[in-house]
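Each chain gets a letter, A, B, C, D, E, F, G and H, in the order it is written, and its residues are counted from 1.
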Amino acid sequence: MRPKKAKKIVFKSAEEMPLMICSVGHQTHNLTGAWRNIRPEIDLAKCIKCGICWKFCPEPSIDIVDEWPVVDYDYCKGCGICAEECPSKCIVMVEERR
Amino acid sequence: MRPKKAKKIVFKSAEEMPLMICSVGHQTHNLTGAWRNIRPEIDLAKCIKCGICWKFCPEPSIDIVDEWPVVDYDYCKGCGICAEECPSKCIVMVEERR
Amino acid sequence: MSQETKKDKKMTLTIPPEELMACGHLACQGCGATLAMRYMLKALGQKTALCIPACCWAVIDGPYPYSSMDCPVYHCAFETAASTATGVKAGLEMTGDTETTVVAWAGDGGTFDIGLQALSGAAERNEDIIYVCYDNEAYMNTGIQRSSATPYGAWTTTTPVKHFKTRPKKDIVAILAAHRIPYIATASISHPEDFVKKVKKAKGIKGTRFFHVYAPCPTGWKSRPEDTVKLARMAVQNGYFPLFEIEDGETYTINLKLKDKKPVDDYIRLQGRFRHLKPEQIAAVQADVDARWARLQKLSGA
Amino acid sequence: MSQETKKDKKMTLTIPPEELMACGHLACQGCGATLAMRYMLKALGQKTALCIPACCWAVIDGPYPYSSMDCPVYHCAFETAASTATGVKAGLEMTGDTETTVVAWAGDGGTFDIGLQALSGAAERNEDIIYVCYDNEAYMNTGIQRSSATPYGAWTTTTPVKHFKTRPKKDIVAILAAHRIPYIATASISHPEDFVKKVKKAKGIKGTRFFHVYAPCPTGWKSRPEDTVKLARMAVQNGYFPLFEIEDGETYTINLKLKDKKPVDDYIRLQGRFRHLKPEQIAAVQADVDARWARLQKLSGA
Amino acid sequence: MKKVIMGNHALSYGAMLARSQVIAAYPITPQTQVVELLSEMCADGKLDAQFIKVESEHSAMASCIGASVAGARAFTATSSQGLALMHEMLHWAAGGRHPIVMGNINRSMAPGWSIWADQNDSLSQRDTGWMQFYCASNQEVVDTVLQAFKVAETLMIPVMVILDAFALSHTYEVVDVPEQALVDTYLPPFKPEIRLTPADPRAFGGLTGAEHYMELRYKLERDMEKAPALIEETGREFEKIFGRRLGLVDAYRCDDAEFVFVTSGTAGYTARAAVDDLRASGLKAGNLRLKVFRPFPFDKVREVLGKVKKAAVVDRNCSYGAGGIFCQEVKSAVSGRTGMPAVFGYVAGLGGRDITTDSFKEIAADALAKDRPEEEIVWIGVKK
Amino acid sequence: MKKVIMGNHALSYGAMLARSQVIAAYPITPQTQVVELLSEMCADGKLDAQFIKVESEHSAMASCIGASVAGARAFTATSSQGLALMHEMLHWAAGGRHPIVMGNINRSMAPGWSIWADQNDSLSQRDTGWMQFYCASNQEVVDTVLQAFKVAETLMIPVMVILDAFALSHTYEVVDVPEQALVDTYLPPFKPEIRLTPADPRAFGGLTGAEHYMELRYKLERDMEKAPALIEETGREFEKIFGRRLGLVDAYRCDDAEFVFVTSGTAGYTARAAVDDLRASGLKAGNLRLKVFRPFPFDKVREVLGKVKKAAVVDRNCSYGAGGIFCQEVKSAVSGRTGMPAVFGYVAGLGGRDITTDSFKEIAADALAKDRPEEEIVWIGVKK
Amino acid sequence: MVEIRFHGRGGQGTVVASKILADAIAKEDKWVQAYPEFGVERRGSPVVAFLRIDDKQIYDKSRIYTPDHVVVVDPTLVEAIDITEGLKPGGTIIVNSDRRPEDFPFHGKFKVRAIDATAIAVEHKLGSLAAPIVNTAIAGAVIKILGLAGFESLAAAIRDGIPIKAEDNVKAARVAYERA
Amino acid sequence: MVEIRFHGRGGQGTVVASKILADAIAKEDKWVQAYPEFGVERRGSPVVAFLRIDDKQIYDKSRIYTPDHVVVVDPTLVEAIDITEGLKPGGTIIVNSDRRPEDFPFHGKFKVRAIDATAIAVEHKLGSLAAPIVNTAIAGAVIKILGLAGFESLAAAIRDGIPIKAEDNVKAARVAYERA
């Protein structure tokens, strides 16, 4: 996967832009976590490591760290699918408090 | 059917032409008989009036006159279908001699 | 029967006598497409509006300021037979004419290829039009280039003998059937009575109706003009182009059962466009015809 | 099992771990189309070239000069997914790359409507591309207008409640089957393992391969984002969107047999776009689903 | 009755008040609200029309053509890619003399995908035989649709009513929506002399040989040349009934002006604001907003510019390899005539880049600094 | 090697000698022989290319675009309705910087159906960002296709090579068909810096906001402006290798001319014959044939016309409501400049109406009789 | 001429708020111009809308760069972006928040007014708990604070513009109008 | 410059005749220009083709209105249309016919030469009896009568241009060349 938190691209002039209309940067610069109204919180105690939350995350913003599911809040949009699909109901969606 | 041998249309000026691009005359002005290389000749003695020649003429240039099939040589292109399809083989295609 | 007695005998007419298509038109000698039009108009009568896209028929009708037709004709853009007809129908209705039958009349190229999307859209919306595709299996008006209706094995100017068409003909009827429109029928210029009967039936149905009409083309098929009707008849009788109807995309009815289905060989040999085919290739054609016929019988529950 | 012992347990991964689609993209919360892409790329890997016409995905990928993909993407015109992909494939081959899988990735509007002709043409020529239609049953990118994939009963901004869509959804799979292409499959974002398996299978086949992928859209369906996967699963289980394959347009295989087929009611009720439907209208939906399921079983000889 | 509505809805109201009989359209950002509202109007019975929800813009125009030749009043709306996809049918509608009215939302052409404003979409259609009316306010949009049908049906030539993406299409403004009864007095029903009907069977548009084609096109051009007078006349007529004037151009403070902007669309309104500022700072500035681009209002343009020293044409478009299109045509119109100003060409606002009063001040400064144009075109507000 | 071939086959030979790698085309009269011969060349292995037999011109251009971005040399050919149907994709090819070369046979636009020559089809594409090269002989057609690829690939801008229906497309002339070996020295293989490949994964043409779009279009315009010099240079290079000069214009007896025709296409050759006759009858006439219309050869045109008293632009086209297109652009080019001639505009030869040496004499007589143009355009050879 | 900029997130009805206000103000025979920032709006992503008000016809069609006032529909944006950008000195910032004006960094530099529109929306069951729709409450506060129009004009505008739960919205607006 | 007009019917190869002649003449380093009348050609319908020949490059691209010579490939056209239209005084008319030149109405006004190309085509089994293909025979007669090129150039042109039955066609051309 592309490096996360890629840098923003700023062209100072037309000269700097490639002749073709093509990407030169990664969309991961865009931290979609800011869109979130509700956040998923995983209670690993109940987690059975079935991988289902990881499988169904549309971003994807559930990483597997040391064989545990970890939400990347920089990108998680708070759709709630992981919580909905988790068979052992160990993900709860809580209101964002910023 | 449209009157045969309709008259040719000649516009003397743009003024005379309708504003819309539409027909004002009949294509029957065009005597396609001139295209013919071979002409069908019907031997009415053998004719059983089955109407098949009339039915299959693509122009159509076989008329029914007094209940007999009559080729209209002004339009007949000499395709030979009538002769081919006539069940009693009473149509022969003969070379045009002009 | 002597000439005398015969004099009083009437001519046998198995199709309506009215001619809405006049002679003087610009079709080649022995043009099948022309017969198709003649028959359809006999069935529909004068209250018919034709939308004809680019195709041989755009020429056959005759040049400006003439026409061979007794009914109104709109010569429309190549890919717009269905969409123009849809508009004409709506326009006539909104101006008080609910009676006139609106017909989109297109060739195989205008139907299978460049006009397919407009046709599919109209069918999906079930527009109240009759769409007739006269199929001469190539782009004839532009000088015989391949279309997706060109059958396996055929030569065209864009499928030269060394690269003859190897893909099968697109199954337009199955595609339309998938749209579940109220009525679909195949027809052949060799069977005018059957064609006329089905057009009259279609006229009485509301919604999108589709006809696939087989129309041999001596110029494009390199066949003899006098063989036009014969070729069409052979295609029906050997199962190459069977006659059938489909109602609501579901109910199949075979109009002409084939007791002794003929082999395709003679049919192939009469056409210059197939001259290069080797026996095994002709066998391939035969196999395809048999498979299609079997499938059709299955669908029609025969 | 205690946390201690669990620590050593590996996460169960039922689909490939590689992510070729990165986060940061512009899809709405709970977008089904996004999952579809994620799964397909997992199956195909990096040697994939995507042709994406106008559709939500043209936005999801991210604005210039960014992209969320790890494989090349050509954002092409709305109606040209198939024709652009055809050109890309030819171009890659002529420049020595015969390996890369070229994928046309379009929405239902770009597939069922404005892109149908290009798709049909490519299929008829059996171009060597994979065409994936992610189906969210309307034009979502432009704000939820009806497409010919919009199902009976659905509200959209162009089929207001008073004029909700009464025509059935166009049967795109049957249309493609009529083209007799080597491989066709349906898939659902609720069944990633099945989807991945079939994409890998398709990758090994030459010619035109078509996927019809069910991708719920919370924004357009007025459903809750968290229900996206659930809705897709329901549609599979109630026969609304069955999972099956078609080889050579002939051989049907149902991938998920439905012993106890569920009713459509709950599925309907979860979606705001159907809120206005009366019981008898829901019954009509049920009847259609049952009929389609029966037809599919017949075709698959089940 | 006054309403605060967006430009797209102004188009829908215009089509409704004109009693459009057949609408065939396809959605595209930023036009979608036009068709959405029209769908509702049909559903609610507010508009007695058949709405054909076609599968592409090419079909939309084809269906409008079919409806029009059958004698119905036909309307559609689109934008950018959709307009471009219609291109063949635009030629068709004009050549076939089908008086369709179409709304087009000015959106720049892909690639890259852009949903934002510029005029390359509509100006790329300048040679299709359509009349082109550019609007600057939502009020003008409603009013212009009504006039468009009147002019189109009188001359049997289609009209494109054009508004900028977002700056008009999505901007809410106060609009005085005309009364239906008054509209009916202004715009009579569409009753063409010749139409497609079995009662008068004719073939339309058959193969036309070299001996006829040119005369038919000559007739189109001659009728097109009648448009300017007719637009002024129907504009005055409109004013009598509705109190708002519609015309070929909107000349603002040009009479005593030494320096004039030549503009179109919403930029033509922003230019007014700029003119006031420039006047305040002592420059005798003016603004000539071209309301009608096709047919090109030769006489009006020459009349107004004939009194001016310098003119700066501001193009929200570019014909690559030739420059700004309005500039090119204005230059051509004044070419070889005495007493005409030096014409300076500027390209600004492509792909939705904003055109502000400052843009106009920058343009004025540039033009005033030079005594004659040095380049074919000067690009404003671009990071070179 | 000398051959007597038709113009359409000249296009096919050009595409073959250029070693086109992908061809996607759709048949249309009067272009069909181009694709027919190319099909044969592929079948016979004379040309190692993939020929995609698409189902429409819209797809033809889309496939060419796909092939080009993947790094292949792409060619297509079409005419009139087909070109119009490509319109959206023409904008695409240019905006996306895809150096495709396309042959277009000038055929007038329907309705009524006409398969005969005029330039409305190609000139309606003048704002799409394509370069346009107009040819006057079959020799020029073959040569121009080769130059077109060279120029297109250098600037990454597509080129349209244009020839009149029948008068060129179906006319057999003697053509010196270049040797493949020599062509290969003139035209190197296509090797774009950036192309679509998994080896360098990029997204092409994504959503482009107001902060970027204009700069990308500015780059296109600036590169387009490099074309005139490049065309002259590659034309001289061509002459070195093949002995035939290719350039922006063909100025015939203009140096000492007082009266000059401005022409294009085959009419530009007939005009030469007319010039000789007029010279014989004592008039110092000349002919400026515009070989390249996009980018517009501003400098060349001004240079040649700067020495002339009167110029008569002959347009085989009409932008309804604005007049002949060449005339409009020539007028614009000389506008506001001193020492430029009075420019008279004439429309002739629409829908295949013949343009003869007599037509030119009639035009000359008209222009010489007036001291300045009275109408926007004068129609020649039309039954008014 | 008064120029106002609105900051919110997709799904909160920020654009509708500006439109309702325009409508209300127009009812008092003023000229108005309301438009969204022209981009891709996704639920939760930042959105901007603009409102121009004048006694005479408004010709300037360019975007607003130096607003007289700023309305912040979603407080979380205060940290995310510079909502004061271009704001005229002495301009008013109206924030939807339960915090006190002093709590905001830009307090002092600008007039700051806080209104807990979210609470009001929740009270009136507008939208969901996770995503309450605050536009009408905001509108109520804005016309009061900036004195743009009378409440009845706003009420009428809400009834025209928001068919569903119209009266609850009017109530919410009134509460905000009063609390502001 | 020499200008020649050909009259025939669709299917007889009139256009090919003009093209073959152009080819043959070009082989002798002349400039040529051959083109059909631009219309819809149907088997049996009248068709026209043109041929220009000159020692220097031909710039005139307009149609031929006053030909120096006329070639009538199909004799039945003599009655159908005025084949002498625009023909320059003293011009030659070459007719495919078994009749004698004197039998033609325009004999006297113009030089008339008759050649029974049909018979020659039939002798060499070119085309069918109903529709013999006479183009090569005609070509043979034309170059001889008008002295446009040597026979070998024509033979070469035929071999290049007519792959099928090339030799029979060359024979037919030679016979015509000799009989003419």
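In this text, contacts are C-beta pairs under 8 Å (C-beta built on N, C-alpha and C of every residue); 3 or more make two chains touch, one makes a residue touch a chain.
Keep in mind it's a predicted model, so treat the numbers as computed, not measured.
J.: Within the chain touch network, how many edges lie on the shortest path between chain A and chain D?
T.: Minimum number of steps from chain A to chain D: 1.
J.: If you average the CA coordinates per chain, which chain's centre is most distant from that of chain H?
T.: Centroid comparison gives G as the farthest chain from chain H.
J.: Take the average of all CA coordinates in chain A, do the same for chain E, and state the distance between these two points in whole angstrom.
T.: Their C-alpha centroids are separated by 46 Å.
J.: Between chain E and chain F, tell me the centre distance in angstrom, where each centre is the average of that chain's C-alpha atoms.
T.: From the centre of chain E to the centre of chain F is 29 Å.
J.: Determine the centre-to-centre distance between chain B and chain D, using the mean Cα coordinates as centres, and give it in whole Å.
T.: Chain centres of chain B and chain D, defined by C-alpha means, are spaced 57 Å apart.
J.: State, to the nearest whole Å, the distance from the C-alpha centre of chain A to the C-alpha centre of chain B.
T.: Roughly 77 Å, centre to centre.
J.: Of all the residues in chain A, which ones touch at least 2 other chains?
T.: Residue numbers touching two or more other chains: 11, 13-14, 17, 21-24, 32, 35, 77-78.
J.: Residues of chain C touching 2+ other chains?
T.: 26-29, 58-59, 61-62, 64-67, 70, 73, 75, 77, 79, 113-114, 116-117, 120-121, 124-125, 148
J.: Quick one: which residues in chain F touch 2 or more of the other chains?
T.: Within chain F, the residues that touch at least two other chains are 53, 55-56, 58, 81, 85, 88, 92, 95-96, 110-113, 115-116, 202-210, 212, 215-216, 218, 352, 354, 382-384.
J.: Name, in rising order, each residue of chain D that touches chain E in their complex.
T.: 54, 58, 64, 75, 77-79, 113-114, 116, 139, 141-143, 145-146, 148, 157-160, 162-163
J.: Quick one: in the complex, what on chain G touches chain E?
T.: Touch residues, chain G against chain E: 19, 22-23, 26, 31-36, 38, 58-63, 65.
J.: Which of the residues in chain D end up touching chain C in this complex?
T.: Contacts found on chain D: 112-114, 116-117, 120-121, 124-126, 148, 167-168, 170-171, 174-175, 177-180.
J.: Spell out the part of chain B that touches chain E in their complex, as residue ranges.
T.: 11, 13-14, 17-24
J.: Touching chain D in the complex: which residues of chain G?
T.: Result: residues 40, 42-45 of chain G touch chain D.
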